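To start, the structure itself, in structure tokens.
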Amino acid sequence: MSIWSYANPRKFLETTAPWVPWLMWLSAAVLAVGLVWGFFFTPEAERFGSSVKIIYLHVPSALMAINAWLMMLVASLIWLVRRHHVSALAARAAAPIGMVMTLIALVTGAIWGQPMWGTWWAWDPRLTSFLILFLFYLGYIALWAAIPDPDSAADLTSVLCLVGSVFAILSRYAVNFWNQGLHQGASLSLDSQENVADVFWLPLLVCMAGFVLLFVSLVLLRTGTEIRARRIAAMRARARRAEPVRA
Amino acid sequence: MMDLGKYAAEVISAWGISLALLGGLVWWTIARDRKVRAELERTERDHG
Amino acid sequence: MRALLARDLRLAVRAGGGFGLGLAFFLIVVVLVPFGVGPETAILARIAPGILWVAALLAALLSLDRIFALDHEDGSLPLLATAPLPLEMLALAKALAHWITTGLPLVVAAPLLGVLLHLPGAAMPWLLVSLALGTPALSLIGTFGAALTVGLRRGGLLMSLIVLPLYVPVLIFGAEAARRGAEGLPAATPLLLLAGIALGCAALLPFATAAALRVTLR
Amino acid sequence: MRALLARDLRLAVRAGGGFGLGLAFFLIVVVLVPFGVGPETAILARIAPGILWVAALLAALLSLDRIFALDHEDGSLPLLATAPLPLEMLALAKALAHWITTGLPLVVAAPLLGVLLHLPGAAMPWLLVSLALGTPALSLIGTFGAALTVGLRRGGLLMSLIVLPLYVPVLIFGAEAARRGAEGLPAATPLLLLAGIALGCAALLPFATAAALRVTLR
Amino acid sequence: MERGGMPVLTGVSFRLAPGQGLVLRGANGIGKTTLLRTIAGLQPQLSGSIEGAGERAGYASHADGIKPALTVTETLQFWADLYRSTLPEEVFDLFDLADLRDRSAGTLSAGQGRRLGLARLAVISREVLLLDEPTVSLDAFSVKRFASFLRDHHLARGGIAVIATHIDLGLDLPEMDLTPYRAAPEARGGSDEAFL
Amino acid sequence: MERGGMPVLTGVSFRLAPGQGLVLRGANGIGKTTLLRTIAGLQPQLSGSIEGAGERAGYASHADGIKPALTVTETLQFWADLYRSTLPEEVFDLFDLADLRDRSAGTLSAGQGRRLGLARLAVISREVLLLDEPTVSLDAFSVKRFASFLRDHHLARGGIAVIATHIDLGLDLPEMDLTPYRAAPEARGGSDEAFL
């Protein structure tokens, strides 16, 4: 059986529905472990003081903000090429999650910036590109919401997601070029682990795993919701057509 | 309660806002799912 | 395609959305900014390229909904779409007409506007080249955004929201080139990148625009 | 009159010209300006009040043609004019709806926008008061200009030209008050003058607007 | 009600009592719309007088002034509010809009949109209705329905109606052909007169 | 030319040879406009096929797409250019526009504007004309004139016409009532199917 059979809405629901609650609980547990560990059982960093604890929310949410967009891009491509409804709806389901992740990264970063850089906001490249990413999410979600016909909405948002991805990459480079910035480098890359001591790194890893799990379970749940909503709309449309035009 | 030093306000507000956002997202997702499920059941009964 | 371009330009001129409006807009911005930020020469000169670039972008953004909305409302759009002209060409013609009414006036008037804002003379050629390269890209991107939102409720707001992040790279490279030029730094890199973006937009975006139009016309 | 106001606001919200568009516009300006002029804090802080005031003025100016033009095009305006509502009230309702969609959002969002532009905290109250007093005057003046040019070819351009000089005093006093406030100088005089202008506009301009409408509706 | 003299039409004159209607006829461009707009007070007559219209008149033009973003109910509610009346339930039945209540006006078919435009007239309930080609786009059944609305709901209750139309409404109203009133080239009027 | 199946209409099917016309009938909202748009290729059919239209078809909608700022001649010239044909002098006579040549389209009366919209069809000279209520707002004389244009200039030269209308054009064309083709409730189609 090919993987595409899961693109049938009914089959998708049947397969995922039993899993979703368990996944939710699992992600809650992993998140709880990571966050409690990070909040209560990590030391302070010498340069950051206790403010380093913000990292356990800041970095995972920043990662997920980008990964959610990547997932939407893949799902949009699948919809455009193979026209599987589930993938269009999954892209739609992922967007608000990605947007909240972006918002968390922005807010935690802004709050962190006040003690570290002495300002809430700086036009630093990474901050700026997150602001732009946030705008992309907003536009994408608003476009979905504004188009009444679901297929047209799926088509147009997919085109936007494709074009938007290209421009998101462009603006990342543009922003880097424009301002060299205050923000930390990517010191978390796997080959340079020595930058961050294990005391910070391990709980952070758990938090990241928790965020990934949370994202997956929320996307599955929301996709199911979207499918059910479409089913309601389809049944109502059929019922409406049954009524005579004129008595 | 543990001592967060001079950054207490920042850390707590950052965590508070973030957890509130996460919680809100989860709550909204689940609430909407419940609503749609109930609606679907009703629709299936009416127009089934 | 030439017929469509001619019609759009004629309509723009007659309805007051043409060259004249573009020029008036830039003049307004340039007159207002000194009233707003105060008359000090040093500051004005420092922000002049940025202000002109932001003005170009606002002018493009705010005139986008004219691109398709009017034709949609009065029913011309389906008639145009059934004419023997590929939708890609329609998209290109619309973008070109938009550029001629919003981008070109700025390029033409930039020397005068620069003087009003005390832009140093050496910066002028850089500003001109960056505007000449960047504004067509703004029109092409905007046409795409307009096609995505034809006929939607909240179309105007949505379009700004969608188009704005797409505009960022153009704005950054454009303003950066002009600024570096003004300060005597090497400005070739941002200009080249800008040219690359403009070419890429011209080559690819009409297809995306046509695809979007096909969907919105349904 | 309340019905008309409610309708206009609802239409604005639905069509994306409402509160949302106002906010989006200011956010756009505030995001674009640093991209344009560069990220240096000192310069941004220096030009922040001026930029916000110019943005308020542009937002008002650019949305003026929506005030009557849409109702004129789809034939609602004659229907509204034959309704049992004095034209003066129509003018006032239209101006109020315009202010709620363009002026109010700016007043509300100014604190956030100020942070993004690094506006010093002490300047904030002055900026807010000056905007709260000045933006209603902008809407009233704009409604008058819109009424003068309903249904004219080139209406948009003409309107900008007519309205712009009328806007200049408001801009000067408003931006001056905000700037003096930011620099800790006494700012009461320009604020009082601004308040005077706003009151005068509210008391007199609706009559002029109604008179203009009566002529343009012929 | 009287009026006379203008560059398009000249010498037109009629008077209608409560409960009477009048159908205006004439080729395209003869001036029916112009006449109705003048009676509605939207443009000044060059000479002559119009009595009794003004506040009491409701005008329906070629364009329905329908906002695509509002729903059918919202549209009618707006006009009801503006004219300080309430929105009677019966209009939805009278104009066969019951099924379309919550549809946004932009998605209506041509005839459905026209029905909405006409329903507005029932909502604002003016004594004098000035109707410019009210039945355009309507199918035969809807035309009949509208005609019976006019007869039973409007004229029977003492209303007055002046209707410009090219088709036969099936109402037994007096007709007035505007062709003879076409302004002759030397008919003067308006402010040009002062310069001739 | 064939087509079938969609949520509004289902099972509609017809074939027209050169020189033939077809009149579509049906109550408001039955789906005439929808059918014509589908044939014109503006919206996809849910199932079934349409052959031979496409490039050869010219579509005229409810709205004329007239720009108030252009004059009558400019409007027609634009369509001629867009369709790469020339603007034949005779259209001005055919549609009685000779006197209005240089008037800007915004000042035309309703029927004059409609005549301009129809004149466009003569300018673009497509083999297949898809006409949606072409005679709305026209007076009796203009209707006759348009009917004879269709008969003598279009059908007689091997053209095809599909016309949706509520009135009688006085042409001797076969009629097709769409009422029986109303999509039945269980008619499935479109992407909703995947969710039912």
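Letters A, B, C, D, E and F name the chains as they come in the text, with residue numbers starting at 1 for each one.
We take it that a residue touches a chain if its C-beta (ideal position, glycine included) is under 8 Å from a C-beta of that chain, and two chains touch if they have at least 3 such contacts.
These figures come from a predicted structure and were not determined experimentally.
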item: Separation of chain D from chain A in steps, with touching chains one step apart; value: 1
item: Fraction-based call for chain F against chain E, same above half, different below; value: same
item: Chain whose mean Cα position lies farthest from chain C; value: E
item: Most extensive contact between chains (C-beta pair count); value: C-D
item: Label of the chain whose CA centroid is most distant from the centroid of chain F; value: B
item: Euclidean distance of C-alpha centroids - chain B vs chain F, Å; value: 54
item: Chain C-chain D separation of Cα centroids, rounded to whole Å; value: 24
item: Mean-CA-position distance for chain F and chain E (Å); value: 28
item: Separation of chain A from chain F, taking each centre as the mean of its C-alpha atoms, in whole Å; value: 48
item: Multi-partner residues of chain B (each touching 2 or more other chains); value: none
item: Shared interface positions of chain C, touching two or more other chains; value: 14-15, 152-155, 157-158, 161, 164, 168, 172, 218
item: Multi-chain contact residues (two or more partners), chain A; value: 178, 231, 235, 238-239, 245-246
item: Chain A contact footprint on chain D (complex, rising order); value: 31, 34-35, 38-39, 41, 115-116, 118
item: Contacting residues of chain D [partner chain C, same complex]; value: 13-18, 20-21, 24-25, 28-29, 31-33, 35-38, 43, 46-47, 49-51, 53-54, 57-58, 61-62, 73, 152-158, 160-161, 164, 168, 171-172, 175, 179
item: Footprint of chain E on chain F - complex, ascending; value: 26-29, 33, 62, 108-112, 114-115, 132-133, 136-142, 166-167
item: Chain F-facing residues of chain A, complex; value: 8-9, 85, 150-151, 227, 230-231, 233-235, 237-239, 241-242, 245-246
item: Partner chain B, residues of chain A touching it in the complex; value: 39-40, 44, 48-51, 53-54, 57-58, 61, 96-97, 100, 103-104, 107-108, 111-112, 114-115, 214, 218, 221-222, 224-225, 228-229, 231-232, 235-236, 238-239
